[in-house]
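One chain, subunit A, appears in both complexes that follow, with subunit B as partner in the first and subunit C in the second.
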Partner chain A sequence: MTIPTKKKMAPAASKLYADDVSLLMVLIDTNPFFWNSINTSLSFSKFISNVLAFLNSILLLNQLNQVVVIATGYNSCDYIFDSSALQNHNQKGESLLQKLEEFVDKDESLCRDDSVDGPGFSLLSGSLSMALCYIQKVFRSGPLHPRPRILCLHGSPDGPGQYVAIMNAIFSAQRSMVPIDSCIIGAQHSAFLQQASYITSGIYLKPQLLDGLFQYLTTVFATDLHSRSFLQLPKPVGVDFRAACFCHKNTIDMGYICSVCLSIFCKHHKKCSTCGSVFGQAQTQDSSTPDRKRKTSVDN
Partner chain B sequence: MLRKETNGEERRLNRDEEDEEEEENDRGHDAWERTYADERSWEALQEDESGLLRPIDNKTLYHAQYRRRLRTATAARIQKGLIRYLYIVIDLSRAATETDYKPNRMVVVARQVEAFIREFFDQNPLSQIGLLTLKDGVAHCLTELGGSPESHIKALMGKLVCSGDASLQNGLDLVHSLLNQIPSYGHREVLMLYSALSTCDPGDIMETIQKCKSSKIRCSVIGLSAELYICKYLCLETGGSYSVSLDEPHLKELVLEHAPPPPAIAEFAISNLIKMGFPQRAAEGVISICSCHKEAKVGGGYTCPRCKARVCELPTECCICGLTLVSSPHLARSYHHLFPITPFDDVAVSSDPHKVPKNCFGCQQSLLAPGKRLLFLLYVIMIRDE
Partner chain C sequence: MYSLLVPSFCAINKLSSALFQGGNYIFEFDSFADRDICREFVAAAIAFHGETGKSTSEKPAAALQDEQLSTAEMEHRIKLLQEDNELQRLHKQFVIGGILTEAEFWATRKKLLDQNDRRKPKQRVALKNEMWSVKPLSDGQSNRVTFNLTPEIIHQIFAEKPAVRQAYLKFVPNKMSEKEFWTKYSRAEYLHSTKNVVAAAAEAAEDEELAVFLKQDDMLTNEARRKIRRVDPTLDMEADVGDDYMHLPDHGLLREESKDVLDSQYEPYRRYFSQDLNQHAAVVLQGRVVDVELGDTRSVAEALARTKQAELANEVSDGNLEKDLSHRISRVAEIEDLQGPRDLAVAPLCIKDPRDYFDSQQANALKPLGDAGSGVKTLKFNVSSVEAYGSLRELISEIRVTGLSEPITDPEVAFKVLSGLTQNISSTKYHLGKSPHESILDSLPKVTKEDLLHHWTSIQELLKHFWSSYPITTKYLYTKVTRLKDAMSQVYPKLQEIKESVQSDFRHQVSLLVQPMLQALDAAFAHYDADVQKRSAKSGERPNGFM
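Our next item is the complex of A and B:
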């Protein structure tokens, strides 16, 4: 892929403590609709206990390691735990669980719809953005900082409305050279996270037996970035880069692109439905054309 | 060193002859030395709370934000030219050997062009760049229009020799003939990095400028020495932008301003449906002969959906059937220009301690430190689409 990996664009102050100090941002999917619908092989409490054990093992690997946990809810996202915060020196586990409970209650109170069809979509774009903001703050904090990476523990299906926001977050992670790892705890693969892990050179994994989640987490996701070059980690399998056409939402491998707004169509049309440009003729200097375009954009 | 000290003493003693002394000093100092002798850049340093040195760069930070805000405010709902065919014209005449940019203008320009090429392909994956040089009064085509940054940078860094005069008309003529061959939906642009103070033309340059204007080529010029009327006229006629750089950081800023797509003039490019293919990535162990290098390769390539040839990287044009091959993240890269984020409003830190939240929502930075003017969400990412 020629979206180039730019060594020159590395953050200005990237002198490290040592090669193996890492800052791990964990994004936990707390979408209640997803957890209700999942098969009972993994309940939320068992999931949290696996994750807590994993976080402890990260903090044991190196005393300078940092872990930050962000919960991805249905209506909102928030920070649940920060291992470098001074008030967390005692009772780490209890404070995490307490804040998680508070977050879930608050998220539920923000719920606007009474009933939702299916699992609903959690706000992955929001928590990715918050994780990247925190990482940028760490980059600007001085010449010594750990190497950051993001781990998404995600299970809800992909929300198509978040596509542009998630792609923006992926590109900014790529520019800052922050890998996005994904561990899928749901039933189906997530195309967004497959692309995220491929573009940012992270690891994408869908464990076959969720009972042993802790083992998958420690063997695949626990090592720091420097050591990854020495390990045989799961390779990306069949990332699907095909696009979906705007008219039928079918995945196509050959299509037509509007040169003005880059909308994808599967058949030849006379007019673009997104931006209103008529194909094959020069646009006139009509004042109605910009109004129509503005109207179309507002309607979308 | 001794000369400078004596001059300083003389200045202190003879205040009447101050102007003369300063002129002598300036003649002795180069431009870069003057920043230390006169402007005392060390006084701009400040210590932060942990004792580390930090320069006061608030002014540049605010200025950069101000410029960004101006750009986004005006560019919110304006159509942008996303498929761009840009020629970069580099002036390699005698004037490029001037040493007012360290080590000389040619090297600085080459460095900035390299950074620009990378940034350009990052922001506009579907566009193409070509390189031209002006040397000895003639224009040469260094590289053809292509979408791979490495080939352009390699060609540029290999041939940095300056001589002769620069000819604006020859450059424009060559660009005009090259850009006539591109498809009608593409936006034609030229970016000239002009160091010379004159142009040595074989004919009437006004005619050439009119020719470019009627072919809808948008020419922009970045001058390195001084403002030239003919460059200003060229940019005005064709709808481009003309700026003159003051020093190297300013040059970098001006060059990188041309990386995001400019506002498009609707009748400059005919909107059209372009046929493109979205290849799948081959599995890891597959062995096939790749069509770009003509050799056998293992795994990790893409298969053209029309003719099933293997290509190594995207975006590219299939060598066998000519289909443009892209992947959906390349298109998604341009959505950033189509749906720009609304600019943030500056919120003054209020004096009431209860109104201000304790930590930043996005990054958990403490907001209670006294005397700090804090900016929310410095790195701007779209949080929610709705």
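Our next item is the complex of A and C:
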């Protein structure tokens, strides 16, 4: 579905706002294991300073713009900045950093693993859901509100256990007509965010030169939704629509599908782990042939 | 000469094998529908025989003996094929080409077949616009005036004049016969046409039944009152051509209104042209409300009465209409301060045509499975959480201390980024098109695009049947799989042909688009070969009888 970004799709009453008033939800990846394992030129401090400068410029673009920052941690997510809730406008950066530190402390206290291999996974599904809830609250706050969008600054690899939750968040964003932009600061592409940006008509970008992250952010991600109808923005060549199997979380091309709940498995199972349906007997002794399973019983 | 009353598919097939013994045949049918059905199948049979020869003509006849399809189902399938070009192509390619049987083809499309089995004809005939103007045939000699009442006219009379309808239901056949009823009615009409209101009043006084026709229609006035309550009070100020009522007096119709002033006792017998005109227009615009055969007058009257009753009941029970109207009024003539919270704007969910996703698959062509595109190797050492969080905290305090650096980015780096982005955007715009969802497919010549998409859908169809035949348990499945495999192997050269037929600048894109199809076919073949090997290994003997 193409989401028209023309004004006529916005709620009728926001014509009292100028076209380009936006509410930007920024989800920053604060997974410590990822930041620890990254060996490119972007350190976390440089990253945060770029992001702070970017947030300042968004707020400068229009007096009515709002910015909300959510930190995506390893064990939890939380709001760390809300521009509309601030009394002292000179202390924006300070308050953000303060809250960020508190968040990191809290996240550490929730940590149950003593050590982690590699970059680990951050809770993207949690922060997406929080962003969407905030947006819904703004929608219901009255007839006048800015046009919301979500920007994910993400670097950790995709957590396959979050596949279902992320897809649900994506569809709910699509239905509310909220674009999800993705800026990948990690080493590999993220299939989930590619899908998210494709389905919600957002922008997906993996910057080549991470040094110039600020330039990428202001050129591409600072554009408001009204301007996107006449600005040319980068778009990816293709989207990886392959699904992940539900048992091992590997990306697969061929597999088994439960005909009741459409869960995907890479190997033959006796029972669907999502909906509990029992699969029919395989008619061949060869258990590694992929084929469609027929349902024998539907009781759940 | 063969005369076919109810063609069945098996009969046609038997016939078609007979047909090809030679000679010409003429068929005679009872109706156009029968002829069309037959024509489709004979054409299909001819095409089939022409392509595949006689030897295979036994097979579909044999397979189809199992399916006794009714005419309606056959018609329905033909209609589905006629409406969807893509489906027809697939059907022609696979069923007529002998790769799939009819039953197999439709087995996966049960949903299509179940849908609207009995559809109404698309075009409905509306009511005549012509007002039944009184133009009786009268010969100048005698005093007889003849009125012609067709069922159509009767239907219209009942729709426009509820009092007449009610009178009909009441009087016929108790008090008078149908003929008498219409005679009286015609007399009333004649009286009206003479514009002699006084005479009308006089006759009405004598004949009670006639009075019903001569008086004004009370039921009509009640209906009108109800409708007035539902009129939308907001005014659309937009003027258009239809508002021109200045040039044609009486809108070109024949009646004239008499302007005499009469005594009040004659008032009920007066008829107003504008009322008639409005009621006529309303009825015509509403269209046919009942679908009854027009021949039987009584049933028409009853059906109309029932419809009106139902409408009335609906209006009474449907309180929502009033609510909707007030909503609409408040939206159009809006007083913003007094508005409550409005429902959120949401995008409707819809199921997309899978062909739209076709060209996005080229990304998969470039990435082998399991490799999520990581060019940079991430360090896979084990980090303790204390260390990780600690370093994160340090970095945060570092920023707090040092603050934002100036400049935030090195200008050269920024310039490089900007030019890189610009180049990227302009090159993709050149290659892939302007809007985010425009694709390389659109820039190919139309024929190529159609071919590619058709190949893709046919490969999907083949693969669907191929994969669903595993595991192979019966001989039937085995032959089916062999058939499908042969068909699939024929696709490779066709795809190659398409690649070569395109201009050289597009060749790379086309091969990217074709790649996923080839991969899918390769996977199927790999599986087929593996399965064949397993079977022969299991059965313990080599193929071809070798030891």
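Everything that follows uses one rule, which is that the second predicted complex is superposed on the first by the 226 of 300 C-alpha atoms of A that agree within 3 Å, B and C clash if a C-alpha of one lies under 4 Å from a C-alpha of the other, contacts with A are read in each partner's own complex, and residues count from 1 in each chain.
Here, contacts are C-beta pairs under 8 Å (C-beta built on N, C-alpha and C of every residue); 3 or more make two chains touch, one makes a residue touch a chain.
Only a predicted model underlies this, so the values are computations on that prediction, with no experimental measurement involved.
Looking at the shared chain after the overlay, A:Gln215 reaches subunit C, while subunit B stays out of its contact range. Once the two complexes are overlaid on the shared chain, A:Cys245 sits clear of subunit B and of subunit C alike. Residue contacts after overlaying the shared chain place A:Ser43 against subunit C, while subunit B stays out of touching range.
Contacts of A:Ser129 after superposition on the shared chain: subunit B is touched, whereas subunit C is not.
With both structures placed on the common chain, the touch criterion links A:Leu59 to neither subunit B nor subunit C.
In the superposed pair of complexes, A:Gly161 makes contact with subunit B only, with no contact to subunit C. Which of subunit B and subunit C touches more residues of subunit A: that partner is C. By the touch criterion defined above, A:Asp253 lies against subunit B and subunit C together after alignment on the C-alpha atoms of chain A.
By the document's definition of touching, of the two partners only subunit B reaches A:Tyr79; subunit C does not. In the superposition on chain A, no contact is made by A:Cys266 with either subunit B or subunit C.
Overlap of the subunit B and subunit C interfaces on subunit A: residues 1-3, 9, 136, 140, 142-143, 171, 175, 235, 237-242, 252-254, 282-284, 289. Interface of subunit C with subunit A (complex): residues 336, 339, 341-342, 344-347, 349-350, 352, 357, 359-364, 366-367, 369-370, 372-389, 391-393, 395-400, 402-405, 408-410, 413-414, 416-418, 420-421, 424-426, 428-429, 432, 434, 436-437, 467-468, 470-473, 523, 527, 531, 534. Looking at the complex, you find that subunit A touches subunit C at residues 1-3, 9-11, 13, 30, 32-33, 35-40, 43-45, 48-50, 52-53, 93-94, 97, 100-101, 104-105, 107-108, 111, 113-119, 136, 139-140, 142-143, 157-158, 171, 174-177, 187-189, 191, 198, 201, 207-209, 211-216, 219-220, 232-242, 250-254, 282-284, 286, 289-292. Contacts from subunit A toward subunit B in the complex involve residues 1-4, 6, 8-9, 79, 82, 123, 125-126, 129-130, 132-134, 136-137, 140, 142-143, 161-165, 167-172, 175, 195, 199, 235, 237-243, 252-262, 264-265, 268-269, 272, 275, 277-285, 289, 293-294, 297.
Across the interface of their complex, subunit A is touched by residues 50, 52, 77, 79, 82-83, 115, 118, 121-122, 125-126, 147-149, 185-186, 266-267, 269-281, 283-284, 305-306, 313-316, 323, 327-336, 338-339, 360-365, 377-379, 381-386 of subunit B.
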